[in-house]
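Common to both upcoming complexes is chain A, partnered first by chain B, then by chain C.
Right after this comes the complex of A and B.
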């Protein structure tokens, strides 16, 4: 059999730069690898010396897609370091802001980046011509998510209003009530978009590989904003133990670090959260999981795309409930009060691509002296590599174009965020 | 014969890609953009790629020799090169890394690892804006960019008109919004020297302007320092603010002083 050499240089429709390399000879894989080539951006270095007030604004710049999650994780770490407590209203509003970002990121990924694969197109642009109604529905879901971010955070990307202890400004009751109505009205559109994916879900490869799933988990809710670390292999762990969970290490072919825990690799993200917390989803989201035939534990990484749409539904329904709680209690004008002090704090938040950790040390004047961030995509890199190694041999009978597409679809299913993780992708068939 | 639309390509270097994301955030208006131009390359959202383009829109800062080479090729291919967002225009927050020797920052983040030795992926030099490597024809400032302003810049380029990006300070837009001046609240605001065009979005939400859009062409820095001092703000606090998004100007000033 002939030689196969595939090199996807700078994989498309992902956030950031990464390569996929596959070499095969006489029907045997010689090498298959996922490489991260994004320039190291070194946030953990230059945040040193920043005053605590600026830290979340600096660190949100790690990622354009999940800037709200980075800002919230940063604030939680700072608040833990300085023993700042936040009000119930602040926590409720932060949860709505996090839902907004989860919705924005998930629909962007499934609607704009994954959908073209299902229709064998290179991008969403030809779908504007061939499937205008579907594209407009997807845009409607994307628009609402962004408008939620605008309302809660002052801006779609890189939140303005989120600050240590609370908010610089909050939406009015009228604005929240109008948002609640729009969320309620979008549910039928969610149903239609979910049905579209369900009609085409057979296009996602049927591939499974057992692995460990890690994410936040909580007794009281589908954990996104808060919780303890949960693993499908080892149970629960305190957030402060994050370093012994991620165990980050450097490999020469990646400017993003790799991670491992109980096994050689683990997976984080929507599928991990679903596998850990499915019973805590809202009723509408649970009903959609049933229609997709998705139940925990699913070992098919391609089902991450499905889990993302299920989570979109959950975020809409849960945001409605959160806004109802805020409005029932009445919106209050709050000014945070706390004392600056020296200390170390760890924050953990579930961002669209998985569990995120920020860890800061401050001196007594409130200046950051040390920082460490563990990013979801880094935690997935090794798992992506092992999935590629398991998937590639099953593809060798296919045409080179199809092999390439399947490998790309696999990496894309993880929704890698490479800017974040270098803080990574190209497919190289060499 | 059907008239050919201008061909536009998007590229990115070290950045959060949040500025390219603002193109997707145009929502339905993206369809209007595709009626004006042919998008021939946009790695973040499409598989197709072409090196035949008229306008290159580039996000991100240049941090490695391999990136510098790629940018030079893009410059060769493009008739017009647009710097998209603060990373491309000034170096954004990641320019703060220039405060330390590169080796120290790499060690801080990655530890001393054999994997890094003679590895081009890790061959960082100081963080640079695009116009420190190649000539830039148009700028869309901000972190993130304002998506409507991007459309205005694109239309101006297509019509051959001058840049619609304002060259007056954020204070002008802030006054129009009738916001309470943040100096009155004891905050360190960059409004007096920062380039407007954002609609004073941060002060309007009760947060200080951080000058993410860079300075106006002739910033009255001394006057701003006087005002800040009058409000009892320390030199250290002022430097904290100035070194966040606008470290490029500090570097340039220091260089000028050495030359003088």
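Right after this comes the complex of A and C.
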């Protein structure tokens, strides 16, 4: 570990391996730690020297789950650098695309990765025998989100239709109308899946630890695609100030960067967004928040799972409204028009796991000379560590297996984009 | 949802889906077969799909086809480079990992597809025994040498289904 030198300019790690270490002796915790051991991935270096039209495609490869969000954040940064304005139609379609990713990612996490914990199963596969109806509904929600991504972005993962200034191709009005109907028809399935979580929400540990929550916020909407930086501690900040929000730093035991702002740590993700923007949720999503008894500010990180399902509902309802607006205005065939110029731009987007920043500098030929990205999961690492430190002492009376499960559930609740963590997690007892 | 794509899917009766990560040594056998198949004249009604590292999304792909041929590397205890063709019912998984987004068990996805009544009528797996699965952008010599046989086995399965 000590041989790996992390440099500030190198990109954060978003996939890979993490360990939970817990050492306890005679009923006292000696060490509890969340470690990320993934190698640096160098994406910021990859795009240096690349032409601006390639950058979003390279950057979307940072993640196979949040590839739409990375592409959109990248496009926003490039557009900010070159003062490119986008049409209302492009913004509306991008918002629908981002909803598709949010839905895809959230149902995958709650349905496939968290549900087995709630039913005390090792994975989603045995659930088909014990809860076939639930699994079928989860698959239906996942399938719709995948097909929605296909329609808006050209394929499920790593979008090909999103480009600087607009879209290479857009769905037809008929396709959008058909998507609208399918979204409308899926709401009862969302209700049933939410009810299932509600029936089992007592399986989520009742654990709270006060912390700061950071995410995009907006006066006009539940901020996902656009907004300013919001903090539950310090109010709002311009997106361009992101470096003084994240304050990234390195620690010897992790190859991922850590972040802190007003306190020792902060949390980003669905719960942070809910805590900052709950009143802007669609009516159906707000009703579900009430049923779950979730109101801002919730300091229970396990409620991030609940916030994700509430956001799925919001994304469905808001997508219906967005498509209605697009169809009412009439779908236009648009060609982006802009001039390439030198400059620096910062983009911020809420991706499923939290607020994401891309920051590029271009020369006058449109080649990238500098890039910096701040990824959600890295903003959460310190918060995960502090939560583990607070949670672990409360668990010591339990059997080792139960302690392990609770610690794993805590890390999973953050939905870290070290997605393989469901099986790479190892817990050591000494 | 794309009408053209839907028509294509209706017409295509067979999907050859290659699985693997070309950054992980012999796990790149699937992607290598994908590239080789692109150069082969295939009968109409056959889609060749780069399934990447698989995952739960495969569930949504295989449902559209009555016949699926999966191409992957698999540790079946053979000699490196040995090729086997089998159906899922002939094997049981020895993998002990739990489900994750990237490294789930292909056989589990097939079982799930069967359990929910969406599985293709036939599934064949063309697999090669790997020698080395670790970060590397090349196949080992033995697995590389097995590629023509893997392609041949895929074409043989296609012939069987289309005749």
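Keep this in mind: the second predicted complex is superposed on the first by the 403 of 430 C-alpha atoms of A that agree within 3 Å, B and C clash if a C-alpha of one lies under 4 Å from a C-alpha of the other, contacts with A are read in each partner's own complex, and residues count from 1 in each chain.
Going forward, contacts are C-beta pairs under 8 Å (C-beta built on N, C-alpha and C of every residue); 3 or more make two chains touch, one makes a residue touch a chain.
Just so it is clear, the model here is predicted, and its values are computed rather than measured.
After superposition on chain A, the partners chain B and chain C collide with one another. Touch counts on chain A: comparing chain C and chain B, the chain ahead is B. Once the two complexes are laid over each other on the shared chain, residue contacts for A:108 go to chain B and to chain C alike. In the overlay built on the shared chain, the residue A:44 is in contact with chain B alone; chain C does not reach it.
In the superposed model, A:175 lies in contact with chain C only, and not with chain B. Of the two partner chains placed by the overlay, only chain C lies in contact with A:151; chain B stays clear of it.
Touch criterion met: A:57 reaches chain B, while chain C stays clear of it.
Contacts of A:67 after superposition on the shared chain: chain B is touched, whereas chain C is not. Contact with chain B, but none with chain C, is seen for A:255 once the two complexes are overlaid on the shared chain. Once the two complexes are laid over each other on the shared chain, residue contacts for A:85 go to neither chain B nor chain C. In the superposed pair of complexes, A:160 makes contact with chain B only, with no contact to chain C. Mapped onto the common chain A, chain B and chain C collide along 44-52, the only clashing stretch among 44-52, 98-106, 116-124 or 224-232.
Common to the chain B and chain C contact sets on chain A are residues 15, 64-65, 108, 112-113, 116, 122-125, 128, 136, 139, 142-143, 146, 156-157, 419-420, 423. Within the complex formed with chain B, the chain A residues making contact are 10, 12-17, 37-46, 48-51, 54, 57-58, 61-65, 67, 108, 112-113, 116, 122-125, 128, 136, 139, 142-143, 146, 154-158, 160-161, 163, 168-169, 250-255, 257, 419-420, 423.
Chain A meets chain C in the complex at residues 15, 64-65, 108, 112-113, 116, 122-125, 128-129, 132, 135-136, 139, 142-143, 146-147, 150-151, 156-157, 171, 175, 178-179, 419-424.
Those residues of chain C whose C-beta lies close enough to touch chain A in the complex are 1-2, 52, 56-57, 59-60, 97-104, 108, 111-112, 115-116. By the touch criterion stated above, chain B contacts chain A in their complex at residues 12-22, 24-25, 27-28, 31, 34, 39, 42-49, 63-64, 67, 92-94, 96-97, 99-100, 104-106, 108-111, 113, 115-116, 119, 121-122, 124, 143-144, 201-202, 204-207, 210, 237, 240, 244.
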